[in-house]
Amino acid sequence: MNTQDTGTLPRKALLGSGALRAFIGGRWVIAFLLLETAYFCFRTEGFANLNSAQILLFYGVQVFLLAVAELFVIVTGGIDLSVGYVLGFASIVSIKLIVFLGNAGLPAPLALLLGGAITLVIGLVPGLINGWLVAYLGVPPFIATFSMLGVCHGVSELLINGIYAMGLPQLAADIGNGHFFYLAPGGIVSFFTRPEVERGVQVLEVIPIIVVVTAIVVGVFAFVLRRSRFGRHIYAIGGNSDAAVRAGIPVKRRLLGVYALSSFLASLAGVVYAFMYVSGKADAGASILLDAIAAVMIGGASMFGGTGTVGRTMVGALIIAVLELGLRMSGTPTFNKYILVGAILIFAVVMERYMPESRK
Amino acid sequence: MEYVLETRDIVKRFGGLTAVDRVSIGVEAGEVLALLGDNGAGKSTLIKLISGVYRPDEGEILMGGKTVRIESPIDALAAGIETIYQDLALAENLDVGANIFLGRERMKRSLGVLKVLDDPSMALEAQKVLDRLDIHIPSLKSTIKTLSGGQRQAVAISRSIYWDAKVLIMDEPTAALGIAEQRKVLNLVRTLKDQGIAIIIISHQMYDVFEVADRLAVMRRGVKVGERVVKDTSPDEVVGLIVGSETVGKH
Amino acid sequence: MSDDSGGFLATGLGRSLANNWAAFFLLLMLVVFSMTGQNFLSIVNFQNVVHLQTVPLLLAAAETFVIISGGIDLSIGFVMGLVSVSAARLMQAFLASGLPVGWVIVLASGIVLVGSLIPGLINGIIITRFKVPPFIATMGMWGIANGLALKLCQGFPVAGLPDALPEMGNGYFLYALPGQFMSLFGKPSWFPDARVRELWRLIPFSLPFILAILAVLAFALKRKRFGRHTYAIGGSMDAAVRSGIDVDRHVIKIYTLSSFLAGIAGVFNIFQTGIGNYTTFSAMYELFAVAAVIIGGASLSGGKGRVWSSAVGVLVLAFLENGLAISGVQPFYRYIAVGVLLVIAVVIDKLFPNLR
Amino acid sequence: MKKSIIAVLAILMIVLVAMPGFSQAKLKVLFMPGVADPFYFTMEKGIKAAADKAGVDLTVAEYPKAWGPENQIPILQATIARGKFDLLLIAPTSNEALKAPLKAIYDKGTEIITVDTFLGDGDYSKKSDYNFPLSYIGSDNELGGKQMAEQLAKLVGEKGKVFVEATNPDASSVQGRVKGFKAGVAEFPKMQLVGVEWCQDIQQKAQEQTLAALQKDKDIVGIFGLNVFSAQGATQAVINAGLSGAVKMCLWDATLDNIANLKKGNADLVLAQKPGEMGALGIEWGVKYLKDKKNVKVPKKVIPGFEFFTRENASSPAMQPFIYQ
């Protein structure tokens, strides 16, 4: 999309040999995350404990999912601006469906399962349209997905007619905010439900259910990108789409798949949103789109496609999440977050340019 | 001897323009056919017709004497026609093995159920074919980005060979290479020829043509204007055919 | 994509229709809305729409240059907010120091306009020297400008500025009651409030202001070396480098211009509203500016686009919104309409690739 | 690569126990605002003053950048993780989504007062899964909307077309105001509500939408500007159209800009909620309860009511405290 970059880099030995540069290029992101984490651990009271780590991961799930969605698209050299509003759309659709199924007499667990599943299927639609526009009509991804952003926004607001989508059964909130097990003083262990204890007694909550679900999904997609034929093909498309065509890769179908997948992950994030916040609204994911893209970029993917891994994208997402939580817990005004994320983003891409990894 | 690949009166039009006009060429096993012509003579279009990027409007393509339908790059590959374009069509972000197997990845079963990419075996096969062609690349793990022009060309050729090409089409294989690397590539072409592959080379470099080709065909404005056996012709005559000058054109 | 160069496109009418489809679409829209929306077709409405589109027009013009050069500038929306808030803060400071109102306005506006060059300069340098893709570089600036603006205003729109600002920003050249009287630059003081609905107000100050800026930019793009180089870079970076254009320098200039225009938009915003506004998250000014430029016929791959066409793109979006509102269409359908329109624009562009 | 990630996670997840830093005698209070806007900034001022007076240790959480539980809850949790608080004053951004996290915080021993917005239907006196907060202190948005309709009716002579410029349709307080206003207008048979537009907190959009509405119905006689951004944008649109004075403007939220427009004659009525007082009342009741849990009974609902600014009283010293700044 941006062609202003085709010139070769000034290959000045900025930092010694190529090997050294490649070494740093591959690892500074992780070093940065470690340093950042260490900094907040020492500086911010209450940062270095299990609870904070769980908060970090729990409230990061939407960003993690959208970042993976965005990564797949960015590896092909595209971009998906619609994921934030697809998330909102899915949060609304899932609640509407679950409430409808509940009213139709389905028991709550079944309604949740079925409603969630149908939403994920419906959630493919925006992506399929995006993919069709991009792959078959040649519409630039930026425009196609921006249009889809508008359409999803409009349809969402029409669906709820300007009011929150609400009315999920209690079970949804229990799953959405539940943990795998709870430890209460006196050796009481309780799985999935918080033990009844006297008010004021500290209960240790361990591993939010949703974090586990997200981790599994992210893991599966990491596998798909790295080890499946589909993953290999989308790297090839991003690396050299002509070559991919000539090697007999069904490029258009793959692109369709990538956008559908992106939209699927966004819908999943939307369903998760609905369970976490027991409400749905159009702009539920609007403000995290840029965090998601930034995470992918900080993780070392190239805007031009062909590079990026799920693991490093997660590191990128964690860098942002740690920064946000750390600043919040130290009581530093939020505004600094935007400035810092902006700066890290640019820094990351400069690093990627000067110290590219030798491997993908 | 019978042609491995043959086109008969093949035609391709773009709007009002006829880019390839009733062209018939053929190439035998273990033979190198050079395809010559000025810019815009229709060489590339002809190549793209054979390799399935374009579909012909008229005429037919034959493999081993039988008509084949080539409607997409996949059809061409299936028929045993491999094409190495000038830009090599390599995914620079992937490693050697991945490129050789691009679009035809090897899979294995992991845990008995999941089908996953079998990178180790692809790397192994890549090493084998590189050895067969006597090509040395420092590390198969490195991405194409880090290789030199000649090494890339070698990877592209290895890819074609690996898939048991009957016909190999090379578009300007030596352009943009240093002298030493040009030699290597030409040697490679000879090796391939000895292994019985039919090769079509497009080139502007007269030296290359006379070095490796057995026959040559010249195109001008979409039409085949001449065909010569290399050892019976001279560079001057060929240039004459290419530019269409009258004096040397009569033969 | 399409190979045929004959047929309808070859005719003069077909060509100009495809070339200026956005303008034709705008006309068509005006006709349709004139029938569906009571009161849509009126000088007053058109004036209002154009007046309110001054900021989007400036931003779209900025984006036009960047997109022609093959880049994108995501920071302009927040640079505008930052400039607006800083100008307001400066004005407050100057007012407190007892400077006369006229000086306050001129000085503060001048300072922030010069300051508005900085984000663009930084964008340009990051893009050219460090080879960071424009999307990322300007996205970083997006965050930085947003953070700074919020820091400066602490989340409050900055109020307490001179009354003269909105009066100038929203004034008209001509006030008239047909057949009775005319007055320049202001409503006659004797005119009773009760009859204010009958008064005609013509030519807002903003109109010649924006026309002049667009004309200068269009001229620079079409007739000056600056514009020629911009197209050259967007058309083929390599060719531009080889033909001796100092591409890096030129790209820096383009991003600086873009951010300067965003600065003008920020200052104008103060004149229009009388307060310093930070840009809210949901505004997506930059995305709509890009959309307008694309509807105007530019291509994200660079080398194509015109200032006036982008202006038409802005008006298409504005009249779509305005017309549907006046026709009484439920608001949420409009987001959908904008999305669909945008896709149509690009598909048309794809169908007729050899234009312009 | 993989190992390093695991190392990071390990650092984050495993061990490192929290420092038990809550041994001071001073009561610890946390204020969690709804969104970064003048209303909550003003509330913070009221809270600060009351907290100083009561001698409690106050923490103000980061202001969410946009309205919504997905923005507020992570901030709330991050701030709560800093240590144990005795009292939490919060403006919930969703009456559903905040139930679970607030209940968990309550279970850990923190008392909760919701300010400005509420959980469920806001009635904590009956048995429900959201009746654990001590109290709801805040405006009755629906009532406010209704009162605005009545005041506007008075201004326009109880007849003619009126219009609402609103903000984000996804907020319950906004819905309450619209609902109340609609009900209020319905009481006057000669008045007609010709439209509600949503500006999504973008002032420019509010201006465009209001101008379009004025164009569609040229005989609009009154407009209700429903929050800071909608009110400011709508007022500017009426000024643009040259209709100041001819179209009566009722504005919600007493920002400096709205009050200035009132004084200039561009607006006719400004409703001030009492954010400062809401905050102060929250501190007072909360502290009173915490100091003597057995004997103090906190009212489940405290409604400070509204103040109406008119041109006549806008400059009076008694009204100045109600301006948000």
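Labels for the chains are A, B, C and D, by order of writing; each one numbers its residues from 1.
By definition in this document, contacts are C-beta pairs under 8 Å (C-beta built on N, C-alpha and C of every residue); 3 or more make two chains touch, one makes a residue touch a chain.
In this text the structure is predicted, and so the values were computed from the model without any measurement.
Note on interfaces C-D and A-D: more C-beta pairs are in contact across A-D. A comparison of C-alpha centroids places A closest to the centre of the full protein. Computed centre separation for the pair chain B/chain C is 51 angstrom, with centres defined by C-alpha atoms.
Each chain gets a centre from the mean of its Cα atoms; for chain A and chain D, those two points are 31 Å apart.
In this assembly, the C-alpha centroid of chain B lies 71 Å from the C-alpha centroid of chain D. The multi-chain contact residues of chain C, meaning those touching 2 or more other chains, are 150, 281-282, 331.
Each of the following residues of chain D touches two or more other chains: 63, 65-66, 198, 200.
Shared interface positions of chain A, i.e. residues touching 2 or more other chains, are given as 157, 162, 283, 286-287, 333-334.
Those residues of chain D lying in contact with chain A across their complex are 1-2, 4-5, 7-8, 11-19, 21, 59, 61-63, 65-66, 68-71, 73-75, 77-79, 81-83, 94, 96-97, 99-101, 104, 106-109, 129, 168-170, 172, 175, 198, 200.
Of all the residues in chain C, the ones that touch chain A in their complex are 1, 69-72, 126-127, 130-137, 139-144, 146-148, 150-151, 233-234, 237-238, 241, 247, 251, 281-282, 287, 290-291, 294, 299-302, 330-340, 342-343, 345-347, 350. Listed in rising order, the residues of chain A touching chain C in the complex are 1-7, 9, 79, 81, 133, 137-140, 142-144, 146-151, 153-155, 157-158, 162, 283, 286-287, 290, 293-294, 297, 302-304, 333-343, 345-346, 349-350, 353-354.
Partner chain B is touched in their complex by these residues of chain A: 223, 227-229, 231-233, 235-236, 238-240, 242-249, 306-307, 358-360. The touching residues of chain B, counted against chain A in their complex, run 51, 53, 72-74, 77, 83, 85, 87-95, 98, 102-105, 107, 110, 115-117, 141-143, 146.
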